[in-house]
Amino acid sequence: MRFYFRTRYEQDLRLFKDNGQKFWYGLLVIVLLLAPWLLPEYFISQLVFIWIYSVVGLGLMLLVGYTGQISMGHAAFLAMGAYTEAYLQSKGWPFVLSLASAAVVSGLTGVVVGLPALRVRGMYLAIATLAFGFIVEEAVTRADGITGGNTGMTLGSLEIFGLTIDSEQRFYYVSLAVLTLCILGVMNLMRSPTGRAFVAIRDSEISAQSMGINLARYKTIAFALSAALAGVAGALYAHKLRFLSPEQFSFLQSIELLIMIVIGGLGSIHGAIFGAAFWILAQQFIVTAKDWLPAAIGQQTGLQPTVFGIFLVAFVLFEPLGLYGRWLKIRTYLEIFPFYRKGMFKRQKSYIKSERLK
Amino acid sequence: MSAPLLQAQNLSVQFGGLRAVSDVSFEIWPHEVFSLIGPNGAGKTTIFNLISNLYKPAAGRVIFQGETISHLAPYEIARLGIARTFQNIELFEHATVLQNLLVGRHCQRHSSWWQDLLFTPRVHRTELQFRRHAEEVIEFLDLQHYRDSMVVGLPYGVRKVVELGRALAMQPKLLLLDEPSSGLNVEETEEMGFWIDDIKNDLGITVIMVEHDMGLVSRVSDRVLALNQGEVLALGTAAEVQAHPGVIEAYLGGVDDE
Amino acid sequence: MQFLQLVISGIAQGCIYGLIALGFVLIYKATETINFAQGDLMMLGGFLGLSFMVVLGMPFWGAFLSTLAVMLLFGMLMERALLRPLLGQPAFTVVMLTIGIGYLARGLVTMIPGWGTETHTLPVPYKDDVLRIVIGSGNEPLVLSMEHLAIIVVTAFLIAILFLFFRYTKLGIAMQATSQNQLGAFYMGIPVRRINMLVWGISAAVSACAGLLLAPITFVHVNMGYIGLKAFPAAVVGGFGSIPGALVGGLIVGIVESLSGFYLPEGFKDIAAYVVVLAMLVVLPEGLFGEKMKKKV
């Protein structure tokens, strides 16, 4: 484990803990900025998907990983953002404004969806968010005057400040920039009183209240911000695919978002990114693996759900800390070799704590 | 003599058919240590929960600094300057000790969520201020060693201290301690006693304490209230209450109980 | 008459929701786990029954009972192998596990050659039979399909058996004990882990039963478990943790759905269940038969 030698409180507040971290992240940024010149277009396209899913994963992580709420209908916010962006673009709005509006519309939807959270918890909340997800999907289908219903909606090419974003490379930079801003925002949030309030609500609502945290207010903020992030992701998603239809935002999509952050690792920003990366790369892997697997297995439509099912079950059973957790363990092992002990990251199991009585 | 800091007037609450607290009244004066004693189920923690408004009283009210507070939400009670600890530690398990203490400063925050999102210079300044206050508490309770440890891995005695620290971080006027010495060994209990003295004398905080350890009670308390089955049995100094025949019979055990 | 017709088909559909919700509530009561694979267990039951009848040529009742028996064992196995290792983990983790199991179930069934990707008809003996009841004179006879009737009758029968089981048998009482207080039951000598295993088995069998009853109406196909999603609103409406509530909730959802399909514009039928549950959460968050529990601090 790295020891951070600190002499001022400032140092704990900073985004990067020390110069070592700054170096590695700086290197990462340089590599990412150069990627469009180094990698073929198909890979860039996949990276764009990773950025987009990272943004929505970030939002979901904020709500589920940090605030301890649950949302089984998050695809609805993705839909709100996507359709808002598409609609406003067709009306000629500039990208920055339409993106902001997508965030606001989704955020307001998040406030509404978060209303049950003020009264109920746990599984009741899960079912409520599930219900909202279905209702929004249906509403989007029925409002075919605006959304084109089941026939779908197409988008024109994207223009930002007069520059046409018509290539994969250009869109790569746009989405990377958006992702970076979102990550910075969430990092700021988590090192400030609001972020601490979220974590407090997750760990003990009763003592959070006793310390002056207005549960209703912070839960609403969590839902709103989480939805707004999904809305931003949805807007980017709309431009990436250039075509929207309600079935892209189904219940299965909501579940897949949850799977993504669980596999990535709950409770960290890295988890959201790792989860998104895993999601896209796993799908790619299956597609390429189909070619050199025996036809009996490879040609099956059932291959993808089976593989995802296996991964999810395996992660939940064997690596509940997710990919990021596994990465931390590996890194710690290498850092303090040979002093690594097996139980270093063991989480306490609680047998008595009943979720019903939280 | 100034006005009482807290007044409980005819508090009653019942759960189903059980009268947990029945017509309890008492006053707490500033800068005193006031103890609630009594057998299990006497309603002591229930009274705490009534003061922090986690339960709504069926009858009676609580007055703090001259204002009735019975209608306020729990988080508003905290804002008034009432802090509490919990019998079965309610810490934020998956956060560090420091973060737990920093939550205690929440009532002093002035920034809204979007300012936090942007981490404005004002938020930055306030964060440093909060950190300084939290460090004062850490120093007071000797928690330096555990500052960056996740609460979930800490031993019980330390968690109890962190629970106390978190309440102190709120800089309250009134501190409700629920069984501060339960689960602690002799040495830790003694230390707790010293801390309660310091809290009263150095920090000027008024303390209400639910306690079973009569040694600790006699040592630190100015006045004691004995409860049994939700009703007041006796009120006075520790010595007076311990000598009260009703209290001996219900709780302490007399000479002939062998 | 149309109204009555709709109500009855709503009741039948509601019984299916109720059965799945029942299986689901049994598990929740015992182990506080939310089983998102409940619908997929139903699907597995349907496919099993199909295999028994079509591939092995068993008669209907033989296949029915065999399916229940196999699914009972399957549920027990699932608990032992996959869920017991997660004892003590937070509820969300277990939910994700059940979601993963659902994915696996759907994926693996799809991979069975020739079987999984098709829609099949379950050859039940009463298929296409109808019962004509005449109410009053000169009225149109009420047409009840035997499939609907079978669902209602079997559900009632099953509920009655389960009720008697939980009330009057030692095992049933032991199950109630473990679901109310695991630690206490453990101290009393009740083999809690084995009981939980059995609860999962019963729950799987109940879902399989629902699958077989539903199959004549929706046909057997890999996504038939999707209907199971509507069982969750049913359970919430009835009050989580309440067995009669599960059934009542299912019936309410079924009837509302059936009526809105006819009287309300298109699309309302699909979301009827969800609107009902949201309304319930606003009015009575604990559900009809649920209990409000607060943590004692």
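So that you can tell them apart, the chains are marked A, B and C in the order they are listed, and the count of residues begins at 1 in each.
Note that in this section a contact is a pair of C-beta atoms (placed from the backbone, for glycine too) under 8 Å apart; a residue touches a chain by one contact, two chains touch by 3 or more.
Everything quoted here is computed from the prediction, not taken from an experiment.
Chain A has the C-alpha centroid lying closest to the overall centroid of all protein C-alpha atoms shown.
Using mean Cα coordinates as chain centres, the one most removed from chain C is B. Taking each chain's centre as the average of its CA atoms, chain A and chain C sit 32 Å apart.
Centroids built from CA atoms put chain B at 40 Å from chain A.
In this assembly, the C-alpha centroid of chain B lies 48 Å from the C-alpha centroid of chain C. Touching of two or more other chains is recorded for residues 206 of chain A. For chain C, residues that reach two or more other chains under the stated contact definition are 297. Multi-chain contact residues of chain B, defined as those touching 2 or more other chains: 54, 86, 90.
On the side of chain A, the complex with chain C involves touching residues 64, 70, 116, 119-120, 122-124, 126-128, 130-132, 134-135, 138, 141-142, 206, 251, 255, 258-259, 262, 266, 296-297, 300-313, 316-317, 320, 349-352, 354-358.
Residues 9-10, 12-13, 185, 188-189, 191-197, 199-200, 202-204, 206-215, 221, 225, 267, 347-348 of chain A are the ones that touch chain B when the two sit in their complex.
Residue ranges of chain B in contact with chain A, taken from their complex: 52, 54, 73-75, 77-79, 83-84, 86, 90-95, 99, 102-107, 109, 111, 113, 116-119, 123-124, 126-128, 130-132, 135, 152-153, 166, 170. Against chain A, in their complex, chain C makes its touches with residues 28, 32, 34, 82, 85-97, 99-111, 113, 116-117, 183, 222, 229, 232-233, 235-236, 240-241, 266-267, 270-271, 273-275, 277-278, 281-282, 285, 293-297.
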